[in-house]
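One chain, chain A, links the two complexes that follow: it is found with chain B in the first and with chain C in the second.
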Partner chain A sequence: MAGFTIFFGPLIAFYAVFYFFSAAFLIRTSFQDVSLSLRNAVQVGWENYRLLLDDPRFIDALRNNFVFAGASIGAAVTIGFFIAVALWAGVRGRSMFYAAFLLPSLMPIALVASVFRTMLEARHGAVNELLRDVGLGSFAQRWLVNPDLAYGVIIIMFVYLIGLPILYYTANLAVINTSLLESAVLDGARPLRLMYGIIFPIMKSTHKTVTISTVLISFRAFDIVFFSTRGGPAGRTEITGTYVYNFTTSGTNVGFASAAAVVVLLISLLVSAIQLRIYRHEGRPR
Partner chain B sequence: MSKMSLTRLLAVPLALTIVAAACGGDDSTAAAPSPPAPAPAPAPTPSAEVEPPPPPAEPAATPAPAEEPPPAEVEPPPPPAEPEPPPPPPAEPVTLQMWTWFPSEDTMQRVISDFEAKNPGIKVELTLFESTGYQDRLPLALSAGDTIDVAAIQTSTMVNVVRGDLDPLGPLFDQYASAPLADQLVPAALAQTRVLAEDGEIYIAPLGFLGSAAAYYNVDLLDELGLEVPRTRADLAAMVQRIESQRPDLLPISFTGANWFLDEIALTVTEQISPGFFNSVRYDAGGAWDSPVYEQAFEAVTSAFDEGIFSHDVLDLDYGRAVELFYSGEAVMFLQGTWESGILSEPFRANNGIDMPNVTASPLPLLVADGEHSIRAFIEVGLAVPSNSEHKAEAIRFIEFMAAGDGVDQWVIDLFASPARVGYAVPSSVFSTDLAGEGYADLSAVLSAPGSDRNNVSDFSAAAGDAMIDTIISGTPVSEQVEYLQSEWESGRYSNVN
Partner chain C sequence: MANLALDRLTKIYSGGLKAVNDVTLTVDEGEFLVLLGPSGCGKSTLLRMIAGLETITEGDLAIGGRPVRDVHPRERDIAMVFQNYALYPHMTVRKNLAYPLKLQKVPKPERDAKVRQVAELLEIEGELDRRPGSLSGGQRQRVAMGRALVREPAVFLMDEPLSNLDARLRMQMRSEIAALQRELGITTVYVTHDQVEAMTMADRIVVMNEGRVQQVGRPTEVYEHPANLFVAGFIGSPPMNFFAARRTSHGIVVNDCEIETSGGLNVDSGIDAIVGVRPEDVQLGEAGTDDLPLAGRVVAVETLGAETLCHIETDLDGVTVEGGRLATGPTGRPAFLLRARGNRADLAARTVRLRVDIAALRVFDPRTGRAVDVASSRQMPAERALGP
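For the complex of A and B:
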């Protein structure tokens, strides 16, 4: 018992303070009309939730969360998987490619997003300058002003940060049973067939890990959006994180922002629970 | 323990907490949806991406346009007054803890050095925060009883957020200062200060006034292109046309296309059309966002993009980039609040390494046909004494020095605000050229008779600015947008609700 306390005590205390207390605090303030000083709170029941769910911008932000999460998952299990397998198979300059794909995930996301923003500036951004310099000025765009392009930019950034899925796949590829592949090669299977007919299915558990982690990461992708488009133009790329931030820093009722945070928390828990349930069913022996 | 039972284990306390919270906490006041408590707000921080903020204000309260024009004219320095005897030093050396987010550290250090030299025995320890972080941190620090002797307060809803932890300044000035507060600051500043607190008390001594939106010009570029400072929409259009034909490498008008600043421009235009419009909406005095005045202003700004007066390229410029383009000589004109007036000051430019010797300013050119130049203005940077300070006498001495004493000479060279000190005139030596001085005088003229208070509602400003961006990029009809904004204003989501 003493050993349990020594090893797990600090961890439990940490969770109690930073997770459970924070969640309970958020839930409590979400039913109040209260300022940042947290004084003179007024109980308002479900009013903050009513206002929140009545706000089309919040619903749009939620939808964006799911779209960006979907794009991330799609990129991770296709591009990420392909890159991981190609590198594992011994492409030349492997270390350089690893560095190129993993580096963005190791750098602060705020920095990466800020660099993207600067590069994509319409008038003096590096992308448009380059296009003009090589005679392709007609392709220069207002990347962050056109709503469709701005949406695409955010998706590209999510795709750009697929280093973590590549790491997951690489780790699993290291322990793959190569006899299956050898048999397939002897039977005349080509590389693409090997990749999608054999390796892809046997890495099912990694796909699950990648999917869960990507969904959860995309719900916390505040810095990607805030430092690139700031949720613009006109809120078109807003996600729940930027929505909550904007109301916390510019509004007067912290309870409203708390209600938004609680709804996001509940949705994240729900998504995770659904995924866990699905995997649990799949994992049962038939 | 299986995964499922773990999930259930987590779900039970979560559900219980929700139910308990919905039923009410023990330290809260009674039920019933009611006035959203005030909140923080940024300030004239040049780098702040969030809109410089809004104060709360009693909805039914009388708007607080200045009762008397704030000073801030450009005049030669007045003859030196009879030197006052230095105040007696405190019995024990005292170190004041001062928290602020503005002005810059260099400026604050100049003020503090001068104060310490003139007040032996009192030291000031400065803690300077970033704007947004400060508005989160200060209320919590004050309610937690942190040791702060002088706190700078954003002139917004922040006053109501923290006033429970502050002492009213009137009695403190009567007891410890060389003269009552009312004799040291112009009445307009005191009137706006009262509007900020729901109980009508004065908790802060504001340093000065600032307004938005204003225009700044690179005079060398204007001269090169044979242009003059534009006064009207037609002048602006002609200016842009000439710049684009003669110097297509230049951005004619630089400003951040962030939602809050587009809202600032539109609200300035409403004051050009109908001075007092913003107050009439802000203080529930009969104004509405779906009124013809706001619709006309909204249309005037968004159509300026359609007509090429404003470039779509500014829509992705953040504050810093817009400033940078102007300072680096890549833009002829720059739009921002009067807190950017430092560019007119030679010492400010020297201290900040800005190589732009010839610059001037003006009120925002008229964007509508039948209008008058105007601006919305409000007090800025209020100094307060927290109730738990143990050095209130010394704190008042510092506040008096900075807001109404010799300290003004130290910060005024940054021109971030027009001083609220009674009878103060900005020394003409601050300006390197006559044109810079004239530009500042032009701005001061509108600042001294603002159309409305710049008592912003930050969260709503973002929504209004986004509606404008939506019309600019998608062509959503203006009539739909103003109806939408009026419904948002009444929705209860924003800090206008009291």
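For the complex of A and C:
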């Protein structure tokens, strides 16, 4: 019993304060109209939720979450997979490429996003300066001001953070049964065929790992958007994280932001549950 | 179907390791050739060089008269069965079998017909819609064979295909593969470290050690007339008995027996000659006129049911041979092995008289390890045997 207390006590205390208390606090606040001072709260029932679901900006933010997660997954299982296989199969300067793809994933996302923002700044950003220097000034854009371009930039940033999937695929490739590939080569498979006909399907469990980790990361990727566009222009690149942040810090009604946070929490739980279910139904790889 | 010609094939790895050293061989059309040797002898590397999975450092290779040294593996018209079967886990048995045909762009109806035909031949029709993961070891083995057969390749390569099966299944598949190969007449190169597989399946055996070919010959030839100490010690279980012998002007003398050799023997090694005899050529009983008489004490008995292995200490200078070289001097005195029929547990700790068929004695040069031809062998006249 003493051992139990020593090992699990701190953990239980930690969970009690940061998970159970804060979740309960969040849920309670979501039914109130209250300022950031958290005083003089007025019970408003489901009013915050009703307002929230009527707000097209929130629905857009939710949709953006899914779009960005989808883009991340799509890039991970295609580009990430391809890069991992290409590097594994032997490309000159392999370690340099590994560093180039992995480094951004190891750096704080806030830093990466800030660098992107600085580079894409319309007047003095490196991208536009470069375009003007090589005589392509007409291609210089207001990257983060034009809503569609900003949207594209955010997607590119999500895709850019592809290091982790590459790492997962590389780890799997290291333990792949090479006689399987040799057998396919003797059967007459050419490199591309080998890649999509044999290597891709036998890495099924890695695809699952990549998908789940990418979804979880992109749902929490507050910093990518916050440090580049802050959800703008005009809420075009808003995700639920920045939406909640913007409403909390505006301080008018923390209850409303809390309701948004609760909805996002429920959706995350739902997505996780669906994934776990798929996992269980597919069974373990033999 | 095609013949295979290996001309001075050599493989040197980047670290300087010579895995395959100057191998020249021809495999006839329809022949079943077995590459046999201990692990690390270069047999698998040689097979992979034929397949094109390893580059050839030196030498030439021709399949059906066509030089293929620089031809890509998929253009060599060979099929290979791997030790772990290498079945595609995400495809059904049917798709596994059809895969090479699909890549060759064989039309679907023809493909289906061939798959059915091979499945029937290997008796796996019932498993066509199953995945490899749900098959037993024996069934996987058959599917792997089927995938190689379905292409009707010029040459069939097998890399220890039975080593993952249990003993009973291995015995069954051994005879099935050999029968199938004879029926279809496909030129086959088969790698194994298991001498029973080699002896039972091969038309010819190639014994390899340290990257070099030690002997090429029919199984009985390799067994009865090993070309050197390595082959003599490697083939046969329990292994051959070796002992030292004295040199005379025209041959060697073992106890009361004179063996005239026609090849030269080196004199400067510690002992004059090494003589080998298989355990089954040693018998209990009084020596006749064509036998070498021996006396000894049984130090251990192993009863195997059908036969009994007796370890006997004799007055011969027993020597140990390892990897084709003399491992211990005459002082080592390993016990002599004898193979007696039936259960002879009663022999334990007894003093016995033995007779060894003189014609079964094999003589080796201790320095080069090479077998020395025996011109004649006979018992010595009594007066010479007794000595002055």
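Just so it is clear, the second predicted complex is superposed on the first by the 269 of 286 C-alpha atoms of A that agree within 3 Å, B and C clash if a C-alpha of one lies under 4 Å from a C-alpha of the other, contacts with A are read in each partner's own complex, and residues count from 1 in each chain.
Note that in this section a contact is a pair of C-beta atoms (placed from the backbone, for glycine too) under 8 Å apart; a residue touches a chain by one contact, two chains touch by 3 or more.
Values in this document were obtained by computation on a predicted structure and should not be read as measured data.
Participant: Aligned on chain A, chain B and chain C: do they clash or fit?
Facilitator: fit
Participant: Could you say whether A:A24 touches chain B, chain C, both of them, or neither, answering first, second, both or neither?
Facilitator: So A:A24 only meets chain B here.
Participant: After lining up the shared chain so the two structures overlap, which partner does A:V42 touch, if you call chain B first and chain C second: first, second, both or neither?
Facilitator: Only chain B is touched by A:V42; chain C is not.
Participant: According to the stated criteria, A:A171 is in contact with first (chain B), second (chain C), both, or neither; which is it?
Facilitator: A:A171 sits against neither chain B nor chain C.
Participant: Once the structures are superposed on A, label A:D54 by its partner contacts, choosing first (chain B), second (chain C), both or neither.
Facilitator: In the superposed model, A:D54 contacts chain B only, not chain C.
Participant: Just to be sure I read the superposition right, which of the two partners does A:L270 touch: chain B = first, chain C = second, or both, or neither?
Facilitator: Neither chain B nor chain C is touched by A:L270.
Participant: Between chain B and chain C, pick out the one touching the greater number of residues of chain A.
Facilitator: Chain A has more residues touched by B than by the other partner.
Participant: Examine A:R142 and indicate which partner it touches, taking first as chain B and second as chain C; both and neither are also allowed.
Facilitator: Once the two structures are laid over each other on A, A:R142 reaches chain B alone.
Participant: Please give the least Cα distance, whole angstrom, that chain B and chain C reach in the superposed model.
Facilitator: Superposed model gives a least chain B-chain C C-alpha distance of 24 Å.
Participant: Jot down the residues of chain A that show up as touching in both complexes, chain B in one and chain C in the other.
Facilitator: none
Participant: Enumerate the contact residues on chain A facing chain C in the complex.
Facilitator: Interface residues on chain A, with respect to chain C: 177, 179-180, 182-190, 193, 198, 201-202, 204, 286.
Participant: Under the touch definition given earlier, write down the residues of chain B that touch chain A in their complex.
Facilitator: Going by the criterion above, the answer is residues 3-4, 7, 10-11, 13-14, 17-18, 20-22, 24-25, 27-42, 49-51, 53, 56, 132, 135-136, 139-140, 142-143, 157, 160-162, 164-165, 251, 257-259, 311-313, 315-318, 321, 325, 458-459, 461-462, 466-467, 469-470, 473-474, 491-495.
Participant: Give the list of chain A residues in touch with chain B in this complex.
Facilitator: 20, 23-24, 27-28, 30-47, 51, 54-55, 117, 120-124, 142-147, 230, 232-235, 246-247, 249-256, 262, 269, 273, 276-277, 280
Participant: Report the residues of chain C in contact with chain A in the complex, numbered from low to high.
Facilitator: These residues of chain C touch chain A: 51-53, 73-74, 78-80, 82-84, 86, 88-90, 99-100, 103-104, 131, 133-134, 147, 151.
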